[in-house]
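Labels run A, B, C and D following the written order; every chain starts at residue 1.
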Amino acid sequence: MSDAGPWGPERRAQTALLVATIADLLAGCRHVAVGQQSPIPGTAALLARRESAGRLRVSVLDSDRLSSFTNGASELFDCAAEGRIDAFFLSGGQIDGRANVNLVGTGAYPRSDVRWSGSFGSAFLYFIVPRVILFREEHSRRVLVEKVDFVSAPGTSPPGVYRPGGPHALVTPLALFRFDRAAARFRLESVHPGRTLAEVLEHTGFAFDYAARPAVTATPGAARLAAMRDVVREEVAEIYPRFAARLLDGAG
Amino acid sequence: MSDAGPWGPERRAQTALLVATIADLLAGCRHVAVGQQSPIPGTAALLARRESAGRLRVSVLDSDRLSSFTNGASELFDCAAEGRIDAFFLSGGQIDGRANVNLVGTGAYPRSDVRWSGSFGSAFLYFIVPRVILFREEHSRRVLVEKVDFVSAPGTSPPGVYRPGGPHALVTPLALFRFDRAAARFRLESVHPGRTLAEVLEHTGFAFDYAARPAVTATPGAARLAAMRDVVREEVAEIYPRFAARLLDGAG
Amino acid sequence: MAEVVGTLDALVADIGAGAVLAVPKDYSGVAMAATRALLRRGVRGLHVVGVPTCGIQVDILVGAGVVATVETSAVTLGECGPAPRFGAAVRAGTVRVLDATCPAIHNALLASEKGLPFIPIRGVIGSDLLAHRADWQVVENPFRPGDRVVVLPAIRPDFALFHAPLADRLGNVWIGRKRELMTLAHASAATLVTVEEISDANLLDDPVRSPATIPDLYVTRVAAAPRGAAPLGMTGCYAADGAAIERYARMARTAEGFAAFLEEWMAAG
Amino acid sequence: MAEVVGTLDALVADIGAGAVLAVPKDYSGVAMAATRALLRRGVRGLHVVGVPTCGIQVDILVGAGVVATVETSAVTLGECGPAPRFGAAVRAGTVRVLDATCPAIHNALLASEKGLPFIPIRGVIGSDLLAHRADWQVVENPFRPGDRVVVLPAIRPDFALFHAPLADRLGNVWIGRKRELMTLAHASAATLVTVEEISDANLLDDPVRSPATIPDLYVTRVAAAPRGAAPLGMTGCYAADGAAIERYARMARTAEGFAAFLEEWMAAG
């Protein structure tokens, strides 16, 4: 359910930080695909495209303006299978410490206590796209669980399973984690400004590796924020108008 | 190699007979597909369409005018697999008594003594299309052999092999044969007017069943010949102009 | 081959109890107006395939109690969250769900289009989807010993039902970039289409339109239904009505609210 | 992503010895002018895939001695009969033939497009094609015990090379009804295209053209080549020159005749 009303400066700053953090995770990519209901990853991808001087291609699914796909709804999956998509975003009703994602529901399957939409393309793309970035706007023990109730797509696969892709990082409003595929564990990369390791530990339901004094996530500087505002005004506003208006602090 | 020059009345009459004979074999079909280099089967299909009062659909491959296919070169095969094509035509450099067809070449494979074009779609369509009509303008022991040198597509399959389709009839300038799938043998259905059983036996390299006094293939009457000329003038001339001019005895 | 019919009731007249009915995702043209006609038929026990996902259309059908099985990768109201009646039916155990993943739906329809007895798909191994799909299997890649691959049977819908911008009087249907509708029509035994507009010109005669046109060969019936996808959108024609979908999402949270919505919605068309 | 280049030599500059080069059948747009540039490169040992058949283009390449393998369902000059230099090379054993059947080529390219590790095909069992294709296998249908099915590995060409009516400055290529070119571009590691004309407008911005447009994402290089398919035809632009093909067929019957043709043909462009 989309939340209503305008955003205060704090929410705008936090959103800008998430956008910048995700944009940094796309460094070196040639082609990033974004789901249509993903304004923060979408904005990050479009910011990264601007910063790449045109080297990065962004495909926003089901957008006539921001996708060059012409071969129907299967093209995203085909394109990924051909090795033509470097990064994609996934979320999860639950995400666990082995990076398993659950998009189906809580409790016992099939009669889930809470039923979510379903697994979408996760059970394919998570295996195929080299750099899958997990993103969730809620950082809680309800979402970040020790073990998901239903594995829509597993975070890791045993040797012998064809798996060129998989989880790369997890971004939440509190922190940035990297995923270590060999260890099948997250490692805390940085804590967002104003947040603490203790907070992250308190709200995370799975065990993860961390330094005693973790780094602080870099805050986007004035120039980057200006570039972000340009991107939001010129590109994001077309596909996510409500999101764009809220992020553009009334000035946009 | 296309033969040059105008046709005499005998060649025109023979061609009209072949067209009519093939058209009769299409009775009850809803959709017939024709290869582009097939003027006689193509004319027969278009005649049958006219005679069906629009119930029969004809798709001439690689014709922008006479095919409604819009999904690329694989559509013929998909359409057949979906059960949407009732009849198709095949020829063969060699055809044997079990209705095996050879479109590859004579002698030992791969270094054939004479190499023909190749198997095209035969190894699929012959299995799938319910009514495959074999047609060859040469009736000789060179073509109608006891055993083909290379099986591009087999005439029959053992039980357990998925095979909704297969050979239905063989039409040559001398005669019409039906194929008995259970017996894996041709049966002489009729000998064309002016031809004899002895001639057919002399020029056929495989054994086949026949009545001591076989029927004579029906000659198209004046009304049917007129309809055929209309079809040739109005439809066939667009796709096979040289063939149409020859068949239209100078009057067309 | 296709029949252009005058009413939506005539369009869906053959969809019977237990039919396998495939519908596209919201972006691709959902025949919402025809869905009302389907409900008027009083049909039951539908097996709905969402290609590869579905939304408000299937939520309404599930809420109305006419769906036995939902086979799809997601049922979602998009920005307005998960589908409430679907969720309630899952909890109540009144609908069977065949949970899939998008490319599995696409591949299984492709298998039907091409007459493949089965089709492989990468990924999926280790997903709980696989554990709950008795109709999916794992085989060894015949070209790479030890490489395990999931294989799927073809999905051959009895009916495909969708909305498109344009058809002609022969029943040729222009689909633009929504190429999955081509596969869907090929893959289905019968294809029923509503369109914004019916053109007098043969779409196949237009060299620029024809490449994105489903030939009438694959179309069973067509009916005009201006704004036939509303409250969902139709590319190039109108946008989705977010407020109407949000209102639906709110009302459908309870059985009573849904009943009120349904009464109102059925009366509206 | 695609580069619009000024010469046909630049278009084909990366095709190296032993490359797997896929080309379409005569009806679908054959890059004849670019084939001349390919011969100028002096490349050798090509593995040519005819999708699903091929004609004069491959006969010339075989005659010129630059082809090691021909993988296709047919090599044909259409009305003008079988391909003479191909036939001679087969007899001489100087070319390896991977004989296929049309839908096998289509399916194997589809497997590449979709990342399938293998793809089944109906039919084929009992054809001598199967006996001579060590790379094709027969497996049991996992969904129907005892049902034997041929499975094929994917074909992933290093290069696709074809001719189309129209491209734009970004390298988007309009293909009309020749949908197999879409699959081919998706399936190939690199795609090289000659076109009749280059448009200044972005083809993807045109809602009627874009559904039949290969996005530049899949296109490596594009070059203008007016009448670039001649003596073959280009739908909507010009018909095949039957006399020129018949003349080729006659000349290419002998090695000497072919040498004369080749000298003349290379000098003409």
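By our rule, a residue touches a chain if its C-beta (ideal position, glycine included) is under 8 Å from a C-beta of that chain, and two chains touch if they have at least 3 such contacts.
Predicted model, so just to flag it, every value in this text is computed and none were measured.
Shared contact partners of chain C and chain D, listed by label: A, B.
For chain C, the chain with the farthest CA centroid is B.
Annotation: 60 Å between the Cα-based centres of chain A and chain B. Put simply, the C-alpha centre of chain B and that of chain C have 41 angstrom between them.
Here the spacing of chain B and chain D, counted between their Cα centres, is 28 Å. Shared interface positions of chain D, defined as residues touching 2 or more other chains, are 103, 107, 110, 114-117, 121-122, 147, 149, 177, 179, 182, 207, 210-212, 235.
Each of the following residues of chain A touches two or more other chains: 64, 69-71, 74, 77, 81, 128, 162. You'll find the chains touch as A-C, A-D, B-C, B-D, C-D.
In the complex of the two chains, the chain C residues touching chain A come out as 24-25, 27-28, 51-53, 72-76, 78-83, 86-87, 90-93, 96-97, 99-104, 106-107, 110, 121-129, 132, 146-149, 177-183, 235, 249.
Contact residues of chain A toward chain D in the complex are 31, 57, 64, 68-71, 74, 77-82, 84, 128, 162. Looking at the complex, you find that chain D touches chain C at residues 103, 107, 110, 114-122, 137, 139, 141-144, 147, 149, 151, 153, 175-177, 179, 207-212, 235-236. Put simply, chain C touches chain B in their complex at residues 1, 112-117, 172, 182, 186-187, 204, 207, 210-218. In the complex of the two chains, the chain B residues touching chain D come out as 1-2, 36-37, 62, 64, 69-75, 77, 81, 103-105, 109-128, 150-154, 157-158, 160-162.
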